[in-house]
Amino acid sequence: MKRGAVFLLCLAWLFVTLFPIYWALVTSFKPPPAVNGGPTYLPWIDFQPTLQAWIDAFSGIRGDFVRPFVNSTLIGLSATVLAVAFGSMAAYALVRYTFRVRLLAGVLFALLGIGGFLLFRDLGLSRADSLGAAFVLALAASILANRLPLPGPVLGNNDVVFWFLSQRMFPPIVTAFALYLLYSEIGREGVKALDTFWGMTFCYTAFSLPIVVWLMRDFFQALPVEIEEAALVDDVPRIRIFLEIVVPMARPGIVATAMITLGFVWNEFLFALLLTTSDWQTLPIFLSGQNSYRGDEWWAISAAAMIAIAPMMVMAVLLARLMRSGLVLGGIR
Amino acid sequence: MARVSLKGVVKRYGAATVIPRLDLDIEDREFVVLVGPSGCGKTTTLRMIAGLEPVSEGTIRIGDRDVTDLRPGLRNCSMVFQSYALYPHMTVRDNIGYGMRVRGESRARIESKIAEAARILGLEPYLDRRPKHLSGGQRQRVAIGRAIVRNPDVFLFDEPLSNLDAKLRIEMRTEIKNLHRRLESTVVYVTHDQVEAMTLADRVVVMNSGVIEQIADPITLYEKPANMFVAAFIGAPSMNFLAVRLTGDAVELADGTRLPVPQERAAALAGFNGRSVMLGLRPEHMAGGEKGPAVVTLVPRTIEPLGPHTLVIGELAGTRITAQVDARFPCRPDEPTRITFDMNQMHVFDRETGKTL
Amino acid sequence: LAQCDPDYSGVTLKAGAQTGPFIASAVQAAGQGWAAKTCGRVEVIEFPFGELYPKYLSAMVAGEAAFDVITFAPAWTPDFAPYLAEMPASIRETEAWTDIAEVYRDRLMVWDGKHMSQTIDGDLHTLSYRRDLFEDPEEQRAFRERYGYDLAPPVTWEQYYDIAEFFTRPDQGLWGTAEAFRRGGQQFWFFFTHAASYTNHPDHPGSMFFDPETMEAQVNNPGWVRALEDYIRSVSFAPPGALNYTSGDIRTVFAGGQVAMNFDWGDTGVIAADPKQSRVSGHVGSAMTPGSIEIWNYKTGQWDRFDEPVHSPFMAFGGWQAAVPSASHNIEAAWNFIEFLSNPENSAKATVTGGSGVNPYRISHFENMEPWLSIFSEGEAEMYLAAQRQSLEAPNVALDMRLPGYFSYTEVLEIELSKALAGDVSPQDALDAIAAEWNRLTDDFGRDAQLAAYRSSMGLPPL
Amino acid sequence: MRDPIKYVFIWPAFLTVLLVGLFPLIYSLTVSFQSVRLVPPMPPRFVGFDNYVSLLAQPRFWETVRTTSLIVLCSVACQYVIGFAVALALHARVPGERLFRVSFLLPMLMAPIAVALVWRMLLHSTVGPINHAFTAIGLPNLPFLTRADWAIASIIIVEIWQWTPFVILLMLAGLQTLQADIYEAAALENASAWRQFWGITFPMLLPVSAAVVFVRIIESFKIIDTVFVLTGGGPGTATETLTLFAYQEGFKKFNLGYTSALSFLFLLVIMVFGVIYLTLIRPQIEKRI
Amino acid sequence: MARVSLKGVVKRYGAATVIPRLDLDIEDREFVVLVGPSGCGKTTTLRMIAGLEPVSEGTIRIGDRDVTDLRPGLRNCSMVFQSYALYPHMTVRDNIGYGMRVRGESRARIESKIAEAARILGLEPYLDRRPKHLSGGQRQRVAIGRAIVRNPDVFLFDEPLSNLDAKLRIEMRTEIKNLHRRLESTVVYVTHDQVEAMTLADRVVVMNSGVIEQIADPITLYEKPANMFVAAFIGAPSMNFLAVRLTGDAVELADGTRLPVPQERAAALAGFNGRSVMLGLRPEHMAGGEKGPAVVTLVPRTIEPLGPHTLVIGELAGTRITAQVDARFPCRPDEPTRITFDMNQMHVFDRETGKTL
């Protein structure tokens, strides 16, 4: 009886979960009158399905989805690869080594960053140049400062992880907007960053890194250190240990993390909205444009939505399989 | 193959001093076993030798090199970990050969070394399996195989058998001993199982809280423990201790019972006459019934028949005592029983310092 | 290649447009024609309407050559003008030039006395109604009985609401009218159409939005209040959920037979005529939007009465335009393409292509009936074109607002309108709030500069 | 160990985040003290805290804070309750569990934009099935997206639909860390399922719960896509969220200084919420660890 | 307190039959220990008694109730899990009191029961700590405390000591035994450590692959194993087995060595004359040197001095043999040594069935 109730709860939630997806799917096969005349539910019974919306989608009448699709795929994959590569490396270092960062050095970085920027700009450098100069100056100064026995608290590995994570706490509009300003400044210097593959890839890499570091750190922490020590004793260089032993061992974790990252990049809207104009538009932007001048052509919108969802559905299946074998477990502390 | 020597080695973790000061010399080709209770610093010592843990003070030498600040890879030690630490994604062959490949040895040489190790360890049928398809004992042997292809100066073993079941443990013990004989290498072996220590070692180092309590060969350890700690640690069931007063030719228990001391022992202890000391006697040096001059009455609380003999646990003069008696010796809980002590085997310790007198 | 004329082989023009099919498909189609003719290539880049302005602006401000051709709303011209390349004079010397309706040619395509853009679509609001209902004798009788005059396309807003009320029959799934009410759904143009009738005084041209001498906002004068009250009234004669309607929705509900009439750009007529999308095809009538007998005179602060209803058809949006950013590397080719896109032949084809979104803006579009017959019956076509042309040529046609900082002005407008529609604030309060903000914005942006811009946009000479 | 290789490992990530993620903020911070407008174009000038002051004085800012908080708090609370319940159900090994697991994950992986589009269709007053179902059982046609309170409720519902899977995923992972034998011990004590939940499951998962809820709160505060598509912030500004507000200011009006200031106020709001949350929850967690 | 009886109990997991058919009667107040190698079904049996695992067939009775289909909470058993299964988020006090609170007992009563349990188990100082701040032995006692406040009909222990170190294990063994005596409850105790089984049990149940091999008291098990499995399983080091042929007054080894059989044993085995059988002899029933009629020559491969005695491992007639000799007995690897068998203690098994003859 109790199991029955539990099963019913699951069924209810299944319905809640699947109905909207089902609705989008059937709607994409409806002819316009079957949509506008009020809801219809079952193909062949309520209405005669048609492939028109799909034909339209593929023929590009409502905007060409192939290009955003390709863009999303390229940017998604490269950002994922970079984020997972950089993030895993950082997470690994954070698990296996200790880092000590003086708070004062961090503060110095921020102060020098702002001050340097203002100073250089007043000295007549262009905004992008003064930004770059301030960055280098601040970074160099704070690295040096970190060596000095400055007073004040010393931050350890957990703080560094938190620093990475705090990235996610910033409202994206703050960073996206700032990044937009930065990119356009750089653009004015002649290095195009807005609406470029690298611009998008770096942006997504940076904003996926916190999650990757967070997740991968847990996966690495779960790995037995002795295996690496065995290799160390065998005189295997760290880089090779990482690449040939750690990475293969953490592969399930890496795959799970990569999929979560890919999902994030694939679905991301705000950065894409702000930082792309034409060449590197991504799928969510394409989707948001499906509101039409002519009114909502729900069949077309549904087809477009299905196109955007499909790859993620495949991922859901894979992720669920990983989840079953308990691999996502590492994601918890 | 080489000598290993630790001089004035200190290890601190933050504020906690784990090893206050350690001096240890291990001869070339010697099989040294470190034993001690959990947390006494055995693993730490081993890892410092391997270079996996930096020393806080002191120097470590292997052969004629000072390796104190050398990174692990350059010390030419091989280590077998408690958890085996096999590379899970590699086959047995690759596990054994990986280090050589990294060092860039020739393929032919790698192959022949793997083949040789596999032959020695009886791993030929499993060369293409992954670790997870091996049994515990097989994994153990792979870990050893990985260590021997290196021709290391020193073998380091960290509780390699503790994950195995009793039967396999006994088998592997024999194999390791044989291996040592064949490879003629210096071995430092950590365990907290004293049977393992006794059966394997040329010399046993008994540690406690980071301090070496005694270094000696197994039989000396059993027969002439340097102090109460060693006496209690070596031998199972543990040695019994009774607070007694020495009165020339006998010892007097708290309840007034007097136990005669054999002549030669009494002579040796003459200097301590009248002193309160600790009397140590192993359960196996007791017997049921009245078979000698030193007889006490024990009220058994628990009777533990082990088959060949039976343990009688009871109280004597306010101290818990375990006696090992013959399996057929009749005794029942709560019925006072006569137990004979073999006072020839007695040990006497200083009450304050615990040192053997 | 001999047939390339002029030869633009190797040139790829990037044309920005809102997400298709509207306009984008017209650009696309023209692009293919142009490619065949000149061997160049046109690549259409599409954005949702809401993103178009920021995308163009940010790209142009950043000086990127992201676009060679942009298609946009006239209202944005003031913000874009500094970054646009002027139209080559050669275009203005052709015959096709004079064919463009005057209100576009001399007003909307001009900024600061220079021709900066080319209209590629005509836009104004006209009324559509269902002839099957309006001409049904039963209905006519019932209407007459109830209101005391004949059922016909409304000429004044009072009639409009009588008719709307008459046909509001939720039990039959029929409602009186539909207008766009959704924030961000072209809502305020519908409101402006109401407002134009009460505030676009024939004697004071350009006084609808601001006092053209002081730049004082007029948006809270009694004419506007009355317009807003009307606009709010429309909700009660519209289908449920109408508050969320965009201009797109009102077309679908009209074509779906759920409302008796609506007013809209030319699209309703075209969509409703298409039997594939429409349940009322063959029964669509068109007319000018209603007018008013009374018009507010901002100078005297009084309502002026006229003998006949004065129609002030509103040039809502003002039709899509095309222009060339000065950052483009292919300015010449780009203008060549725009000329091609808007030449009488291509544009005529576009006006009658379903889904092109192009509505008539050339005299020849109205005069050459033939292409229209492919979608309309003859009667429908005549009525449709007549309504369009009449509106366009109406003496008191009302121009849309064009100002630098356009979005700042319309944002507060949209917000307050939505609040008023939701009943959260009274119409007067809403409009007062808008006026206050408009004045503040004007001050912020520089009153003199804004005034000059406003006068220019209304076709008034500089002070 | 002092091993310089560690820098090789950490610097790529560190630099990327510093360069792309954090450093622009510094720039943006300086902008927030200036009046920078692209439309109509005006030269930047330093205005001190003016942008902040005028924002704080603006009711619209406070309204968006209120709206956003409302959406966040309601939706996260529901996500947590429903997600936890579903996770418990799945953990109890219901038949068809595999199918459930896959399907339950789906919404989380879908683009919020697509989700919002689909839901706009579902909630549509005339062509949507939900109103259709409601009218069929005699309820009035509900103004889901057109009345302020309904619109907020709709957004909350969509948020719940989309993000409950996240809670399910992590709570399930948390449940899997619980030892079965603890429950068996409780079963031997004859503790009912209800008591087992409150006595064991809930307190033991409190740390995980706290983390999940924290992440959801932080992420929810960023909501824009859903609102953007579903209501566009309307009716009026009833459903305008902080991000949307900032977007309008920045990318419609190109009022850059103002927008930067707004962004930093936004950051402040999130931090206030985060700190309040952490101070409330931490003692609870510490009490149990 | 109550009898426990399992009748025809079968347990299947899907297609795998883990327990083919089990009949077991446990008397009121009896201390029964289930032993057997890993995976033989000990835990499963215990869990079926507790009701944590449904039986596939058969019935289980506790006292005079048929509990086969009763849910665990109603069977009034207490179980101590191998992993202790303490509630990690509760203090010791709450861990012990949780069950009573669930049952809605009065606060005063709960407090007094907790206090009593804490006193018995020496847990008073730790009542407000959480499990993770306790040592293994303390956790163990909390788990027991949780079990005893219940006054259960039956105590079930699942390898409660296997996580403890040797010393603590011996202590806890004694405590559990004392507890049983004090509480006078029925106890079913699972272990795979045969020393534990021997020392604790009133009766030991030896299981193998889900089947009961023998049920007997410890001494009987040691002295009269029912078959080779039990003989090999009980006793450490394990019994030695040699394939021999019975020839009236002697047994003949594969290499022709003849060992005389004592009169009375020979008489009992007369019926098997000329048959090939398995001879079993425990290491502790051998001795170094020539001390009796049955003497063999063993070539030691490994010598393992354990202190009190030494293990000599070598081959005899192709079989590996472990002999336990006196610590002082001189022998060296690879030097043939004479070993005497105490043939009075020999066991003889059927070669096919493994049954004791």
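Going in written order, the chains are labelled A, B, C, D and E, and every chain counts its residues from 1.
The working rule: a contact is a pair of C-beta atoms (placed from the backbone, for glycine too) under 8 Å apart; a residue touches a chain by one contact, two chains touch by 3 or more.
Quick caveat, the model's predicted, so the values are computed rather than measured.
Participant: For chain B, which other chain has the most distant CA centre?
Facilitator: The most remote chain is C.
Participant: Counting contact pairs per chain pair, which pair wins?
Facilitator: After counting contacts between each pair of chains, the winner is A-D.
Participant: Can you name the chain that lies farthest from chain E, using the mean of each chain's Cα atoms as its centre?
Facilitator: Relative to chain E, the chain whose C-alpha centre sits farthest away is C.
Participant: Take the average of all CA coordinates in chain B, do the same for chain C, and state the distance between these two points in whole angstrom.
Facilitator: Here the centre of chain C sits 94 Å away from the centre of chain B.
Participant: In whole angstrom, what separates the CA-based centres of chain C and chain D?
Facilitator: About 39 Å, centre to centre.
Participant: Roughly how far is chain A from chain E, centre to centre by C-alpha average, rounded to an integer in Å?
Facilitator: 57
Participant: With centres defined as the mean C-alpha position, give me the chain A-chain D separation in Å.
Facilitator: 16
Participant: Where in chain C do residues touch at least two different other chains?
Facilitator: Expected reply: 58, 61, 253.
Participant: Name the residues of chain B that each touch 2 or more other chains.
Facilitator: Answer for chain B, listing residues that touch two or more other chains: there are none.
Participant: Mind pulling the residue numbers of chain A that touch at least two other chains?
Facilitator: Where chain A meets two or more other chains at a single residue, that happens at 36-37, 273, 288, 290-291, 296.
Participant: Quick check on the complex: what are the chain B residues that touch chain E?
Facilitator: 37-38, 165-167, 170, 173-174, 177-178, 192-193, 195, 198-199, 218-219, 222-223, 234-238, 282, 284, 301-302, 304-308, 311, 313, 327
Participant: Taking the complex as given, what residues does chain D use to touch chain C?
Facilitator: The contact residues of chain D facing chain C are 38-42, 60, 124-126, 131, 141, 143-148, 231-238, 248, 251-255.
Participant: Where on chain A is chain C touching in the complex?
Facilitator: Within the complex, chain A contacts chain C at residues 32-33, 36-37, 60-64, 180, 184, 187-188, 192, 194-195, 273, 277-279, 281, 285-286, 288-296.
Participant: Under the touch definition given earlier, write down the residues of chain B that touch chain A in their complex.
Facilitator: That would be residues 50-52, 71-75, 77-79, 81-83, 85-89, 98-99, 102-103, 146, 150 of chain B.
Participant: Using the touch rule from the top, collect the residues of chain C that touch chain D in their complex.
Facilitator: 53-54, 57-58, 61, 78-79, 82, 182-185, 239-244, 253, 258, 404-405, 407-408, 411, 415-416, 418-419, 421-422, 424, 445-446, 449
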